[in-house]
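Two complexes come next, and they have one chain in common, subunit A, joined by subunit B in the first and subunit C in the second.
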Partner chain A sequence: MVNRKLVKFLSLRYKILAFIFIVLAGGLVLLPKHEKQEGISPEKLLANTINPERYISTDALAEKMINQDPSLLLIDVRNESDYKKYTLTNAINIPLKNILDEESEPYLNQDAYDVILFSNDHFHADQAWILCTRLGYKNLHVLNGGINSWYNTIINPKMPTEDMAHTEFELYAFRKAASMYFGVAYPEKVKKATVIKPVTKPSITAAPKKVIVKKKKKKLPIEGGC
Partner chain B sequence: MKELEKTKRLSIAAVLTILVILIALLSYKRPEHLYTVNTQDTLEKVVNNNYLITLEDLNQENHVLVDVRNSFDFNKGHLDNAINITSPEILEDDNSRIINKIKEENKTIVLYGNTPNETTLPYLLLSQLGYDNLKILTVKNSYNQNKLITENFVIENNATDIDAFIQESVKNKEAAMKKLKARAIPKVQPTPKKVIPVKKKKKMPIEGGC
Partner chain C sequence: MGPLIPYDIIPFEWSSIIAIIIGLCFGFILEASGFSSSRKLAGVFYGYDFAVFKVFFTAAIVSLIGLLYMDYLGHIDISMLYIHPTYLWGAIIGGAIMGIGFIAGGFCPGTSLSAVAIGKIDAIINVLGIMVGVFIFSELYPLFEPIYNGYFYGNITLEDSLGINPYWFVFILTIVAIIMFAVTDMIRKRVKKVFY
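This part shows the complex of A and B:
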């Protein structure tokens, strides 16, 4: 008896299995619509962004530029008119509104260069950085303080006052030298050079006086020889 | 009997598949935060500057001030009626709840920090998560004798014309050089004097030779 029941059940086995799978397939309709997430997760983006490692100081950048670091790629995210007025040496211009264009992607999404984004402050550069980081681009940095800070520290450094630490003076000397590298001329440097010239001239005029003294010495032994 | 064996295996396989699907469904945790705006749309929003407001635009009834500085700074001094949500904790459950509540009340979140630069992260993160009721207060906060001073701040201010500064410095240097040349000319003359004593030197050894 049991055997017959089993046979009857087994004759339906494929239908039962098919039914189960159809029910399961119907369940797929109930699944929420899949939202395609672009780039890294918000949590990861937050973690990356609160890390201040992306900022590079103007001093560090100046040193890299003077040493002509071949891995450096400067990107100016300001608009074109600002870019034409003044920009850092060898910087290329990608205005913020074009930062996600196809033409700019090869500059940003690569691992051959250390890209440094900058703007007048770092507000726009930071925005560009966050959007690019969400897309998973690596090797991006932001110039801390931007062009304004570049002017205040490198182009026109403030002279430290007497009571400041020795390191401040060293930093000032570096910044001044850097500013000269970037084209700033110092009139006081010219004056210093003129101070040196008059000093050398009197030393030359003083030399003949010594010679006269020597002449007398030489004469004496000659006279003795006679 | 062979047929029976086959169906047995088949049904075991089916049950296992169903089990795996069930486990997967149960263990699946929907991520708490999902982007609803893509980067391109966010960029467009960022480029037109209508998310920036100044102190004068601040309308207390509709605006909820959110201080993104750390709690130490917040406790030292903050704007009236501001709540503190520091940037690193912006995605935490409590804060999400507060932000959602503000959105349900149809109020606008106004973010501020020590400078507007500090609000970039929370602004961009929240706007990409789909919150469109966001503004940034363009102020600069500083302390003078432990008193909070809030003043309007111009974003991305093009403060100085660096090119002009460099040109002027070069001009100044050239002017200084010209002055120098004018002064330097009379001082060149003493060189002939040098030559005369040298000639005398040569004569003397000849005399000694006698």
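This part shows the complex of A and C:
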């Protein structure tokens, strides 16, 4: 009796299998669709976010720019009006709200350049960095401190006090030279240049000339002392 | 989670070892299901045995449905899977040549090797023929190169080129497959029984 039932059941086996097939395939169609996790896994994103390796200092950036590093691509993530007022040399403007647009993808998702994102501080640039890193884009960096830090360190470097280390003075010298490269005019340098022309002019110009000499002399002993 | 090798869950170096193991299993199952018989394989073309057609079509659908479910549940990232690149005319001409060889020899390249393993003389000659073909192709490669490397369409899928929803496509394909299985069964019953 049992055998006969089994035989009867097994005679339907192909029909049963076909039915299972249709149910499974139909299930795929009927399943509720859900938004899929895009880009890299959350664990990876978190590990990348914690890692401070993405930051590039203003000094390192200035050096790269002065050496005209061809792999450098600067992206300003502030809005357009800020970008028009002031930005870094050769920077491209991609406002934060447009960072995921189709037009900005070729700039961000590539292997050829080291992209450096910057904003006024580094927070907006960090947000842009996280959005792009999540999509798996590579070679993205953030300018540490953003334009504010750029201004405070490169454009308007603070002169070190006498009790500071030798390296501070070297850094200052580098920053000063860099600021001159980026078009900052120092009064003493400008005056020094004008001095050559009015040789026969009144002695008023001679006075600041002496000041420059003094400054330079002051600098030298400190450097030697350390 | 997966795919296991692209995500480095299994190191890349293991891939050839895994390939050998899967290949052994595949060959064993081909032979065990009788696919080492050229008469059984040729039966598809003469209408007395559709086992090959059914087995491969079923395998394709099972893996399709399985992959889509795994992708849905997040066990497999379907975008990371390898998609074979499409060289349109290379595939059409190569497919036609293989079809002719399939009817004439009664083996496809995989089954011919599993038939060689059990010592079938026709399969040995078939494999020698494949080698001659490979030799001719390599010698005349400069002649064939424009077809071989031309008409390149990239790693496209039906989903990309037709723009259909993959779930609907699989559902329709499943129904088509079941209808075809039923039709081939009817054909098989009508065709005169062949002893093989």
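As a convention for this text, the second predicted complex is superposed on the first by the 154 of 226 C-alpha atoms of A that agree within 3 Å, B and C clash if a C-alpha of one lies under 4 Å from a C-alpha of the other, contacts with A are read in each partner's own complex, and residues count from 1 in each chain.
We adopt the following convention: a residue touches a chain if its C-beta (ideal position, glycine included) is under 8 Å from a C-beta of that chain, and two chains touch if they have at least 3 such contacts.
The model shown is predicted, which means the values in this text are computed figures rather than measured ones.
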Touching partner for A:K176 - first (subunit B), second (subunit C), both, neither:
neither
A:K64 contacts which: subunit B (first), subunit C (second), both, neither?
neither
Per-residue touch tally on subunit A - higher for subunit B or for subunit C:
B
Can A:A18 be said to touch subunit B (first), subunit C (second), both, or neither?
second
Residues on subunit A lying within both footprints (that of subunit B and that of subunit C)
21, 24, 37
In the complex with subunit A, residue positions of subunit C that touch it
61, 65, 68-69, 72, 74, 167-168, 170-171, 173-175, 177-178, 181
Residues of subunit A touching subunit B in the complex:
10, 13, 17, 20-21, 24, 35, 37-39, 41-43, 45-46, 49-50, 78, 82, 85-86, 96-97, 99-100, 119-124, 126-127, 130-131, 134-135, 146-148, 150-151, 155-156, 182-187, 189-191, 193-194, 197-198, 201, 204-205, 207-208, 211-212, 215, 218-219, 221-222, 225
Can you list the subunit A residues touching subunit C in their complex?
14, 18, 21-22, 24-26, 28-29, 31, 37
Over in the complex, which subunit B residues touch subunit A? Could you list them?
3-4, 7, 10-11, 14, 18, 21, 31, 33-36, 38-40, 42-44, 46-47, 87-88, 90-91, 116-117, 120-121, 124-125, 128-129, 155-163, 165-166, 169-170, 172-177, 180, 183-184, 187, 190-191, 193-194, 196-198, 200-201, 204-205, 207-208
